[in-house]
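Following this line, the structures themselves.
Here chain A shows up in two complexes: once beside chain B, once beside chain C.
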Partner chain A sequence: MISKFDDVFVFPGDKLFKLENGDNIRIGQGILKKGDCLVAVKPGYLHKDGNKVWVETAQKRYIPAVGDLVIGVVVDRSSEFYQVDVGGFSTALLPLLAFEGATKRNRPHLSVGSAVYARVVSVDRDSEPQLSCLLPGTQHSWVTGETVFGELKQGNLIHCSISLCRNILLGRNTVFTELGKYIPFEQATGMNGRIWVRSQSAGHVVLLSNLIICSENMTNDQLSGMIRSLVSKMTTQMSPTR
Partner chain B sequence: MSEFASLGRRDGRKAYEIRGFRCELGYLERADGSCRLEQGKTQVVAGVYGPLEARGRNELPDKTFVDVSIRPCQGYAADYLRLRERELKEIFVATIAAELQPRSCVSLVIQIIENDGSLKAAMINACMLSLLSAGIPCNWIASSCTVSYHSKDTFLLDPTLVEELEGHATAVISYGFEGPKPVPSHNLIGLSCSGFVSSKDIYFSSLSYSQEACKKVYEFIQLVTKRSQTIDGEQLSGIDH
Partner chain C sequence: MRDEPVSLLEKNFALEALQADIRVDGRKLDEARLVNFEFGSQYGTVTVRLGKTKVFSSVTVEVVEPTTDRPAEGFVTFSVDLSPMASESLMLEYLSSGRTSSTLEEAAEIVRFLQQTIRESHAIDTETLCIVAGVQVWAIRVDIHVIDHCGNALDACCMAALASLLHVRRPDVTIVGNDVFIHGLEEREPVPLTVHHLPISVSFGIFLDGDLIAMDPNLQEESVMEGTLSIAVNAHKEICAFRKAGGAPVETSLIFKSASNAYLRATEVTVQLEKALKDTYNRNTIASVKPLQVETTKKAFPLNEQVQGVTAVWKHVVEQHALENEEKREDQPNMTSISNTEMKVFISDSEGSYEKVDELSASTDSDDETAPAVIARPRGGKGRPKNKK
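This part shows the complex of A and B:
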């Protein structure tokens, strides 16, 4: 049984701790309740926040969870849903009307192959996960193009590891703040191992994409040095020579 | 013990000594989890694809479907490899926590690079490493070891191909380990024996020795997996912690 939580690397089959009567614990990814014990089913570092417990694994394939922000690619549409590939083992459903301010007459038309930024609203082991582009509390309609969620036009979609996305979203990886000092760009990071970037020119998008991928196995200090040198190289190359 | 214990084996090992392991995780780019495992000269590459959407009759309403396929060095998969596929499937159906993701499919593909004995054990160990790197939920960590029975009271652990052929029986013994340390509990999850074991005593003593060997393999699997998720002593998934 594990009593201390910091920096514990657990393996499948490791008994984490016994549940007492009246314990109020929310279990997340990589943990299963077996009898009166919590058991790890994935290898990774054990994390605890309040009454939530989960295991963080460096895996490639995404497993949908409620509340995740994801970037999906539309693969099909029916009369009521878009079928969206989010990298999980089955496609997710995005209702046609789940956009801010959308009505039957006035709604976005996504074609097959377009990328969409959405959040996961329901996950059940017996049905497909459901997505939504609605964000309660916002005023903008999808028409204005100022909504948080919705179609991602132009730009480049990068596939990367889930742990990189998680580190970026949690602010452990500062690649975007570093890049923002030199290059103007837009980005969206999905929990499903996809990052979308858009910038002023194709050259900038390529540079951004490569730097983001490279940032995975670097510490933040190494990263800022690399970004500084590459950006300076790029600006000298791209400036018009006479 | 007779000649082997006193004289040692051809490669200088003791009778109950296993060969050195070498492993390269993430060997295949496209697979969700993969590794190349060397166990002495025996070498296999295992790739895990999944969980994918199961199609047709592979779709099970209440659990994950596990598919194992073995590719030989050359030519088609012969009948004995089909048998190996089935034996491996039985082990990994039990190992994978199948009820967590119904209607999905996990596909294990094994390519044999070189066979120098203990092939099936190497395949099981390679598959387990790949499953862990793919993040497939598992009930325990499976590790495996081969025992080759020689003269009346001698057996060798982790035999080479020559030793396997010289012996009159070979057993592949797999254990599932449930942690945490210091004393992981273990249970026998697979035992396939070909040939004739001379006595009950030697059989049980080989079981206890192979258990020690499997535990060493288990520790190796743990070490490799942990190292793959850590950079420079820092956590890969959580640099701030």
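This part shows the complex of A and C:
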């Protein structure tokens, strides 16, 4: 049984702790409930955030979960759905009308190969996961181009590990705040190991993409130092040309 | 690795970046990815990494009968396996075409290019692989497996094939009269193959209707390129093979420019390859390298019927080529006598036969076997075994 939580490495089969009556715990990936015990089923670091418990593994395969923000690539379209690859066990379905303010006459047309930023709304083990680009509580129509979700245009898509995405979203990896001090850019981080970045020029996007990938195996201090030195080098190189 | 379908914006970005004189991974247009050679514990095994592309190659050496039309030439064959595990686009291609790995178009193209660069440019001379003309020759097979396909598998395969041919050793052979001795690996130092020069393949991607050429394209760039240009160059500035696939037209000046870029890159890789080879020998002296299992199962060759036919051919060949010196002509009666008596091959693994070999004065090519020469010099007499007795 484990008393301390963070940075404990667990192996499959490790008993984590006993559940008491009245415990309110949400279990995430890599953990199963066996009898009145929680047991790890994947090797990795144990994490706890509030009442959520999960095991952080180095896996690349994305397992869709309700509420996740993902970046998908349209692989096919039918009369009612777009089939979207999110890197999971099967393609996800995105209804044609699941965009803010979309009607049968007036809706976005995505072509095969387009990238979309969407949210997972339902997951079932016997059917394909469902995506949606709707965000309740917003007034922006998809036409204005100001919606949070929807098609991603221009910029570059980075493929990285799921743990990097999770660390960025949880704020443990500060690569974006560090980069934002020097370069203006837009980004969208999907929980499925994809990050979209857009900036003023191709050179900037290349720099951003490579720094983001590098940030996975660095501490935040190392990161800020590296970014500072690289950006200064880059600006001195790029300023005469622009 | 499961790779995801390349989205349109990635494709557009690859082109956008190229137009801005930069590559998606931060390289310059004429800059290749880092290359890394990692030799295995067995002779002839090597893992080559070109960026994230990873290729494994191994070499098998075998004693076989030559073909009747070329009785004095050995064999060098290549096989390339692009497994469906290497990338998902390959996996999809398998599923849609229902083919097996080596019949895949890309694999066949790589094999063809390997034959051009290594065999047809005489980097490995098939005549040096002859043991006894018309009777037995060495067959060398290079098996290449693409483990991770992250762009430009052709260059990686070419480097891997070359590296493993440099690393491999074949057992030493002695010929005394009618007897051929294939020495066990514990008994005699195995001999490196004669590699005359090192053709390094350098590929370029052709973009934007042939206006733009970039060295060593990665997978994201390969998805938007209109064709490839592969040039195999050696350190003597000789172009050993040239291949242009895809329909995009390219200006001659661009081709010349990329050829000189290819030469610069080839010299770089050659230096690195030689250094890597030297390092393995320093770290892992020849004796401690685990020897390759060589198939020497044939104890005696079934010569009677076949060899008589072969001898006729051999005579014919001798007449035709009008061999350079008398020495070889002396071989000829020797050959006929082989056909009459049963030829024996001793595989001297055991201690007993070892003594016998020691007394032998004749040896084929043991002059510089101990030196781990990276490029063995071509020997006289076209490498045909000479009988000094």
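The working rule: the second predicted complex is superposed on the first by the 228 of 242 C-alpha atoms of A that agree within 3 Å, B and C clash if a C-alpha of one lies under 4 Å from a C-alpha of the other, contacts with A are read in each partner's own complex, and residues count from 1 in each chain.
To be clear about the criterion, contacts are C-beta pairs under 8 Å (C-beta built on N, C-alpha and C of every residue); 3 or more make two chains touch, one makes a residue touch a chain.
Keep in mind the model is a prediction, meaning the values are calculated, not measured.
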Partner chain in contact with A:Arg172 - chain B first, chain C second, else both or neither: first
Quick one: classify A:Val66 as touching chain B (first), chain C (second), both or neither. neither
Taking the superposition as given, does A:Pro12 touch the first partner, chain B, the second, chain C, both, or neither? first
Where does A:Val41 make contact in the superposed view: on chain B (first), on chain C (second), on both, or on neither? first
On the A-aligned overlay, A:Phe89 touches which partner chain: chain B = first, chain C = second, or both, or neither? first
According to the stated criteria, A:Gly203 is in contact with first (chain B), second (chain C), both, or neither; which is it? second
Using the touch criterion from the header, give the chain among chain B and chain C with more contacted residues in chain A. B
Touch test for A:Thr219: chain B only (first), chain C only (second), both, or neither? first
Dual-contact residues of chain A, meaning touching chain B and chain C, are 60-61
Interfacial residue positions of chain C with respect to chain A in the complex: 1-13, 16-17, 19-20, 22-26
The chain A residues in contact with chain C across the complex are 60-61, 73, 75, 85, 87, 111, 113-115, 152-157, 159, 194, 196, 201-203, 205-207, 209-210
Help me check something: in the complex, which residues belonging to chain B touch chain A? 32-33, 50-53, 97, 100-105, 132-141, 176-180, 184, 222, 225-226, 228-232, 234-241
Using the touch definition up top, name the residues of chain A that touch chain B in the complex. 1-2, 6-7, 9-15, 30, 32, 39, 41-45, 47, 56-61, 89-90, 125-126, 163, 166-167, 172-173, 217, 219-220
